[in-house]
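Both of the next two complexes hold subunit A, though its partner changes from subunit B to subunit C.
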Partner chain A sequence: MILKKSKSLLNILSTVGLPVLFGALIYILWQTKVLHALFGTDEIILPLPDRIGSIISDNFTNMLPQIASTLIVALGGLVLGSLLGYFIGVAGAVFKKWGMGGLTIVSAFNAIPLVALAPVINNWTRDLSNQVDIRSTVAKIITVTIFCTASMSVNAYRGLTEVKPFSEDLFASYGSGKLKMFLKLRLPNSLPYVFTALRVSVPACVIGAVVSEYFAEQVVGVGRQIRENIVKGQFPTAWAYIAIACAMGILMYVILLIVESIVLKNRRAR
Partner chain B sequence: MKNKRLLAAILAVCCTASALTACSNSSTSSTATDSSASEASSAEASSEATSEASSEAASGLMSNEEIIKKAASEGMVGNWGLGNEYEIQALLSKYGQPTDYVTMDFTMDQIDKDSITLASAMTYNELGLIKNSYDGGYSYGDEIGIIDMNDEGVAMLEDMLFCTKAFAEANPNTVKAFTSASMKGWVYACEHPDEAEEIVFKYGSSVSADHQKYMAGEVAKLVTTDTKGNSVPAANVGQMDDEAIQQTLDLAKKYIKIDDATAAAKLQELTLDDIRSKDYLTYDGGAVEKSDVKIQLKWLPQSQFMGYYVALDKGYYTEAGLNVEIVSGGGDVSETVAVNNGTVDFGVTWVSNLINANAGGMDLLEVAQVYQRSGLVLCYKKSMFTAQ
Partner chain C sequence: MKIINKILSAKSTVTAVWVLGIVVIWEICAFIVEATQRTPINVLPHLYQIVGSFFDTKPITGGGDTILTLVMSSAAETLSRALIGFIIGMVLGYVLALLMNLSHIVEKIAFPYLMIIQMIPILGMAPIVLSITGDISSARIIIAAILTFYPVSTNTLAGFKSVSRERHELMRSYGATKFQLYTKMLIPSAMSYFFTGLKISAPMAITASILVDTLQGGNGLGCMLSQSLKGSMTRFVFWDIVIFSAVIGVLSFYLMGVIERALVPSKRGKKKKAVN
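Now for the complex of A and B:
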């Protein structure tokens, strides 16, 4: 019992402690300019962390609308992309004959680089509205949606089809119809796969939002601020927004892990 | 068969999703303003279109002020951002309008398709594309009207030559030799724009020969005319007009928005002497300290930079004892960064970009002002702003 406890304590120490230690080490190397010497760069390109921190704390209220805009795009695209991906997975599982082929097409879409996709979608949505904020937001959300669809559709398809053969037989022997088998067996079976997909698409949706902002018509968002400030030579401010983008991605990932641990709790215990 | 049905289903989901977002957003949007017919007060004529303007005022074309107010209230003013927006913001502020703008891509599709009505254009580049009918042009011709930043009093100076202060102090003869050879190239290019265009085209051109030719002619005007419309003699090419640079600095302090408190404070403290020096315009023949030098342009090879290509091609650099390599720009490593970290020795940028970079902690110095007036205009389709 005691051994087990100390073992789990050690576990927590290694999973939480090591990354924190590593982060602290990087911070110290950065602040003491060892990193600058290593990479042969200067404080203009790679400003010190305390300066980046002070820019964030000085301007946080001004940064909120930028963060909100990026969040709307990221979450909107994530939700739409995941739903769309899941529907495609369901369709693939229902119409098995060409399901895999359809998924290949979806995956091919995912291979289009984001930087190529974003300007094209900007052009598509230009006639949508004469309000730039509307058409620009829609364009960004569509970009993120496409970016988030593929991983969900492939994983959902696997979760819906890769059921244990004996459970399929069991359902069949009780004479349950296809719909019932779908609702009671396939859907629950796909849940862990959904989280696998989300682990990929949650960080991806932030990246997608940030990059789509580069090309958007409306000048707003964390990603846009990164680009504007880099081109204008304001590197400390650009780094402040980079730090915010990282924090957004990490925070959303942590929330996902917490939700996952709650939802899949019973499953794991079994 | 089934295949088609699924594709249709996927498409339907896509469409409803995007339609839903569009609907939820549009409920909050304001109604489009439909400005009633307003009598055009005498239009503030641009220098190039003085004779046309009076007849257009009679035909109902709005004044610059009315055009700007209408387009701004509808959110239809476009610019590229990334440091190119300050003159537009100054102009919008002049007429009491908010300084928001729509980001333009590097085409004129948005004004062509009416998703913006007032588009930023450089006289030597985008304006030629929208007006002319050569390959890549939009063939609007005289249907396009312009609002000139110089005439509106919000001109900020653009293309100029710079290096770091440290480089200039350590290699004064190199800087002087390079500057005077470059200006010699510019003088020749402006006197022979057609030949200059051919030279640029030879060194690699990002645009068609016809457009390059148009560009050479327009760039020559910017080099040889000042903000007030007076012509600049050949001997004065590259000279710095303190009044014009001061106006650029003043507008920059007002419209460059910096979140970084340290950089924002530094911006407000900048004086003319922090950003430009007139000491390097003439070269008296001293031995150059560094003979292999590189210059990074602000954009891809085109007539915008013809003076440097002419100086290279005509051997002006070699005569000055320099071995020059021209590096094209247009990537995301801006010329200010490249010069500051020593990747290249010289750069071509806009004065406002240098001010921004120096506020951010770089130590750059303008050594020659090539464009003596602003080449930025706002252009519009006259039919969009004619009162019925």
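Now for the complex of A and C:
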């Protein structure tokens, strides 16, 4: 018993400890400039981690508007794209034959390079508003929306159609209509699939927001700041924004995992 | 009548109708744009104009390049780097998946970082990779390789893990060596997972390569794209590249499916069954 306990403790220790040790090793190599020698760069292009940290802590209030702008675009696109994707999935599940073809097209959309999309959408929103910030934000949100739609629509379709065998028959034998079957069987069944899709689209929405900022009219956002600062030769600031972009991606993913564990708690227990 | 029904219900017909629908919607929008906008070429030109411009023989640069030759030479530049990066990423990803399956220690070290790398916007790091390498071609290769690497690695590892315990026990009862275990069972079973990873990463590698292009001058699809947007050549170059890269992105996805069907016997069998 004790042996078993100590074994599982050792297991947990190694699961957490080994990656942390590896991370620490990289940090030390970076701070002691071994990494610089390895990549053949200098401290200007690849600044030391403590310098990046101090830039973030010194300028955090200045960085907030940039972070807010990127967050609005990423979250706005994520919500709209997920809703649109789910709606397409529902349409596909209702009109099965034609829906499947539509889904093929939507997933083909996913293979279109985002870079090609962003400038086109910029052109479309040009007449939307006289204010640059509004039309530029709308253009970015549309880009992220398209980026997030495909995975949700495919997963929603699967969640709505891949129900447990016989459960459809059971519902039919209870004499429930199609609408009731949809609300009580298909909709709840699709919930885990929705989270599978979100696991793809949450990181994707941050990437989409960052890349769409590169092409946007308005010079704002974490992604754009990375680029602008590199053009200006201010590499430490650029690295600070890269660190923030990474932190945003990781934070949003962790929030998603927490929400998922709360929402799907009852299912796992069963 | 039966034949007509069969054609109508075929999957390819459904897809074709969808494509046709999109073309019709595009053209309707293009007519509206043409009537209301001052510069319809910038917003939404007709599809036939785009296709027509692609085969236009009029030279558009000082060097006497037509749009077709210009797009093709830039595409060769960009896509060849994307392909090199893709292959490097694929090999590294596969090797890491193998190592992670062979050794628990490697798995415990690498797996959390594989998760983290999925969450961070790698494309946002493209400018910094470009300044570290200082060379646009190697930047393209590196970014494409990183983006290929982790989907391949995580999916292949999932493939290795998906092999059921019973099959492991069967192989052990046959007295298979570790090498045989991998070559006869694990690697073939993980093949379809491996290709799932490739299908995800092939369009991403192309996107990455084009994005890196836009950061710096030189040759390449992304570079021509931004030049045309700035107005230093005709707008149709931009539209042609948009359409071209969309088609290439979709084709790269399907190409992986074709290669999979050619290499994996079980998939081949399924396809044949579906045909019969």
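In this text, the second predicted complex is superposed on the first by the 251 of 270 C-alpha atoms of A that agree within 3 Å, B and C clash if a C-alpha of one lies under 4 Å from a C-alpha of the other, contacts with A are read in each partner's own complex, and residues count from 1 in each chain.
One rule holds in what follows: a residue touches a chain if its C-beta (ideal position, glycine included) is under 8 Å from a C-beta of that chain, and two chains touch if they have at least 3 such contacts.
Computed from a predicted model, the values in this text were never measured in an experiment.
Asker: A:Ile45 in the overlay: touching subunit B, subunit C, both, or neither? Say first, second, both or neither.
Answerer: Both subunit B and subunit C are touched by A:Ile45.
Asker: Between subunit B and subunit C, whom does A:Ile250 touch in the aligned arrangement: first, second, both, or neither?
Answerer: Only subunit C; A:Ile250 stays clear of subunit B.
Asker: Contacts for A:Leu179 in the overlay, against subunit B (first) and subunit C (second): which applies, first, second, both or neither?
Answerer: neither
Asker: Check the residue A:Ile262 against both partner chains and state whether it touches subunit B (first), subunit C (second), both, or neither.
Answerer: A:Ile262 contacts neither subunit B nor subunit C.
Asker: Taking the superposition on A as described, I'd like to know which of subunit B and subunit C A:Ile12 touches: first, second, both or neither.
Answerer: Touch status of A:Ile12: no partner.
Asker: Touch test for A:Phe235: subunit B only (first), subunit C only (second), both, or neither?
Answerer: both
Asker: Of the two partner chains, subunit B (first) and subunit C (second), which one does A:Phe22 touch, if any: first, second, both, or neither?
Answerer: In the superposition, A:Phe22 contacts subunit C only.
Asker: Which partner chains sit in contact with A:Arg126 here, subunit B, subunit C, both or neither? Use first/second/both/neither.
Answerer: both
Asker: Which positions of subunit A sit in both the subunit B and the subunit C interface?
Answerer: 41, 45, 97-98, 102, 119, 123, 126-127, 215, 227, 230, 235
Asker: Can you check the complex and tell me which residues of subunit A touch subunit C?
Answerer: Checking each residue of subunit A against subunit C gives 14-15, 18-19, 21-23, 39, 41, 45-46, 97-98, 100-102, 104-105, 108, 110-117, 119-120, 123-124, 126-127, 202-203, 206-207, 210-211, 214-215, 222-223, 226-227, 230, 235, 238-239, 242, 245-246, 249-250, 252-253.
Asker: Could you please specify the touching residues of subunit A with respect to subunit B in the complex?
Answerer: Subunit A reaches subunit B through residues 41-45, 51, 54-55, 58-59, 62-63, 76, 80, 83-84, 87-88, 91, 95, 97-98, 102, 119, 122-123, 125-135, 137-138, 141-142, 145, 215-219, 227-237, 240.
Asker: Which stretch or stretches of subunit C touch subunit A in the complex?
Answerer: Those residues of subunit C that touch subunit A are 9, 11, 14-15, 17-19, 22, 37, 42-44, 105, 108-109, 111-113, 116, 118-125, 127-128, 130-132, 202-203, 206-207, 210-211, 214-215, 222, 225, 229, 238, 241-242, 245-246, 249-250, 252-253.
Asker: Would you mind writing out the residues of subunit B in touch with subunit A in their complex?
Answerer: Counting only subunit B, the residues touching subunit A are 2-3, 6, 9-10, 13-14, 17-18, 21-22, 25-26, 29, 32, 74-76, 81-83, 100-103, 105, 109-110, 113, 115, 256, 258-263, 332, 334, 336-337, 340-341, 353, 356-357, 359-362.
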